[in-house]
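Down below is the structure, laid out as structure tokens.
Here the chain labels run A, B and C in written order, and each chain numbers its own residues starting at 1.
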């Protein structure tokens, strides 16, 4: 079996490096006409049924709830009987002087998170792949997902332990070491883009790297062996084998992240800055703005409107990005 | 080459060890503050070596949960069952989608992807699950809503199938007489152990940590999972501390609520089981990963 | 395009669901919240059995012996009203969400507590049943227990949709501090009348106790607490009445001289170290800070029995001095009320039970304290204590006295003042009553501005009031942002509603 695989995989290597189009054609030819294809796929369609059923019930049916964003819900009349109010529920998102700030913050943070986290996670995965001793493999793998398991609320306490004005580790121990003055961290907004990015990396890349590690591990070691024989350095190998072969995964993860570019990790932007109003200009994002606005109003129409707004922007951006990706390499696009 | 390999290995170890320490330190801080006395936390903040030790936080937790055993049972059940079910559903949907020759290939991808971007909100989901399916206060409420299958994982698995399962292999199997389904579980699945292990791990963590379904759909204490209980306590504390007009009326009750060290203990108790169980499952994970490499 | 098919498929399934929803809503509409009182009253007089669902909020966790309490309660209600009550505890942090969900999906829900700041919105959204007729017929006990002034304090557009629970319905205001510090430094509390008078005391603490913060604040609240001043916040502080509400002109509190002066004082105190540098991000309660030895004293809302309560919480003796007389405003009354959900099938039965919560001593104490012998024992006629072996830490049930109906019927716990309820009653009766008591602002027409102003407040208010920012520079900025967010529009709308209400009520 291994021998047979070897031959086929070698030919597969060529295909992969020049696009999967050849493969597609070959297979399609074997499959035959369209009608035959549908019939042939019946068992596979059956396989998809449970998943599709779940998608419909769990995701598609509830989408009718998006009409809540356009209505003034009166509980006596029910969702359907309530009045339509057009875009009124969306006003509060734009009529504020902060509309620009929250949008800017949301986009900038997410864009930098995507770039930094992706590079970090891939890097971590590559490093992990180099470890040979079983004990260390297990040790590192266990430890790096630790941050992901701790909830943001607790993370905010831990950050506070570092940055508190009077009792924080930095002000009390580290800065005096360097002879510097204590800084009022929770009152100085300029540091927070960096602080939040660092916290986000710390919490996310261990978990993210597992995905990339799984992909990297599946790369046939024969490629590396061949490359080593040809005299390629580690760095060259990474550049020409590893990255290209996991590119589909990278592209997919990035496209998905772009789709969620208007959403933020609420815990990160609300809990970690300890809800300090002074930091608003650099820590307020769409989700925290909505939360603060609706805390005393409890208006489900307005919160639904925020969700619709975030969804539509994300959707448009993904369509655009996917289109761009298609131009470069068709097989990597999501659809 | 050998020299380069060695230095690469060293660099990897140093970098990884450094990062591991960064991950461990806050966790150690967490554990330390859960055994600090309340006074030393209030006066000096959280520290690695507390001024006064106190087991009070854990005493409080122990006294407050006769139902500890039951909550853990609930959590373990939904994690095991949920992870198995969701792995099955996810792979069964992702595999056909990954075939290059499937009709309407792009349509399925968009169908799944769309669900990641648009979402009707909690209200309609609640309506459907409680009025149409009537799962409120049943164990299904903890397994089905939102967690049973996630479009993100479906797409991830699909991409993995796409890149790691050569169609030629499947083709060969079919020439040998195997049906589609047989090809699926005899060839595709074993080849995909790494990604299955990964998604399985993610799903397990999601189920273990979930408190949202419990908060929303369950009011019967017999069905509370560990995270549900823990989260209720912490959220209530948070809510009261940001709602001052209520907290002045409720001042008596607010004072009875768990203090800082107890909150830390709560967080530790929520995370520890995973950490203890993980090494046992890791051998499947590593095995899975290395099997894939040796194929 | 093939892409759209999936979407349409999903859409086709919707009508099925909508039909289900609308038939539910339809049948309820026929019954109708307002007609419920008159049409079913006759049939209900016969007292057919009914299961009432009463939701209420819990803080932290559901008590262990919850079901036992429910069983005991049902014994009483079955005998008196042929009704069983299902207790539905809900965590307070998800309260609003859960109630919205239950109301939208028409779940079985009869009675529920109302938190003041969401009251007007809930009425505007049609979540509550109108109570006036029901109160007249079945709620005389409630009206009597509250008294005329307070019974009509929760009217919106001339109709009552909720009734306040009977407890401390007014608030006085003052300063409290650890007794041992008062004794140690011979602090003169008697001369404290204004905020400035506190300075010598704070300075003494600061100079002599280097590790202690003289004036601490509640988590998320400012040092001078949210209601210190003679203003009636009218619920949300976006437009207030000055002079304890004796003056019916709505003004922008943040533009007043009183506010600017207080901010200046807080700034000096912050710089002098009387207020902690971490005040803005503080997440501890004042009693925890005092208990932990970090804080000396704080400003607080007071009521009769406050010293005893605080001392118990802080684990050491606390003394206080009252700086402002008790005032009753709408917000002090409406912050905890009871209402009937529009989902209720038998609103009259719900009100009858509510009436019992205001008049029946057995029911009140069952809900407040638990079962006699198991959760408490009687020490004298009206005073109770824990049974042997039971402590506050392991008691199987603890209720919230200020929630369940009439707190004045509740037993007194050992250590509290035995005359507590008499004093509380006097406190309520003699309080200065704001002229706007009874007026609740409906923000639906200005909800966009409300949302924007909420955000500005969360950005500036706490930091300014803790003295962390320089008011000379930042206060004008704050005021400008408020105006940009539309606070003037809110104030104008509020004045309009207030004037209309005042005219209708002969004020």
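Some points to look at:
Note that a contact is a pair of C-beta atoms (placed from the backbone, for glycine too) under 8 Å apart; a residue touches a chain by one contact, two chains touch by 3 or more.
On a predicted model such as this, the values are computed, not experimentally measured, just so you know.
The highest number of C-beta contact pairs joins the chains A-B. Ranking every chain by how far its Cα centroid lies from the centroid of chain C, the top place goes to A.
Distance between chain centres (mean CA atoms), chain B to chain C: 37 Å.
Taking each chain's centre as the average of its CA atoms, chain A and chain C sit 40 Å apart.
Separation between the centroids of chain A and chain B, computed from CA atoms only, is 16 Å. Among the residues of chain A, those in touch with two or more other chains are 60-61, 63-64, 79, 160, 164, 166-167, 275, 300. Residue positions 6-7, 17, 21, 24, 100, 104, 117, 220, 283 of chain C are each in touch with at least two other chains. Multi-chain contact residues, meaning those touching two or more other chains, occur in chain B at positions 43, 106-107, 110-111, 114, 123, 127-128, 238, 242, 260. Per the touch definition, chain A reaches chain B in the complex via residues 4-5, 8-9, 11-12, 20, 23-24, 27-28, 30-31, 34, 37-38, 40-41, 43-45, 47-48, 50-52, 54-55, 57-66, 68, 79, 124, 127-128, 130-132, 134, 136-151, 153-155, 157-158, 160-161, 164, 166-168, 202, 206-207, 210-211, 213-215, 217-218, 220-221, 228, 233-234, 245-246, 248-249, 252-253, 256, 259-260, 275, 300, 303-304, 307, 311, 314-315, 318, 331, 334-335. The touching residues of chain B, when paired with chain C in their complex, are 38-39, 41-43, 60, 63-64, 66, 104, 106-107, 110-111, 114, 122-123, 126-128, 130-132, 215-216, 219, 221, 229, 232-233, 235-260. Note for the complex: chain B touches chain A at residues 1, 4-5, 8-9, 11-13, 15-16, 19-20, 22-24, 26-27, 29-30, 33, 43-47, 88-90, 92-93, 95-97, 99-103, 106-121, 123-125, 127-128, 133, 144-146, 148-149, 151-152, 154-156, 159-160, 162-164, 166-169, 171-172, 179-181, 184, 194-195, 197-198, 201-202, 205, 209, 234, 238, 242, 260, 263-264, 267, 270-271, 274-275, 278-279, 282, 285-286, 289-290, 292-293, 295. Contact residues of chain C toward chain A in the complex are 6-7, 9-10, 13-14, 17-18, 21-22, 24-25, 28-29, 33, 96, 100, 103-104, 117-118, 121-122, 125-127, 220, 236, 276-278, 280-281, 283, 342, 443, 447-452, 454-455, 458-463, 468-469, 481, 484-486. The part of chain A that touches chain C in the complex is made up of residues 56, 60-61, 63-64, 73-81, 88, 91-92, 95-98, 160, 164-167, 184, 186-187, 274-278, 280, 284, 289, 292-300, 302.
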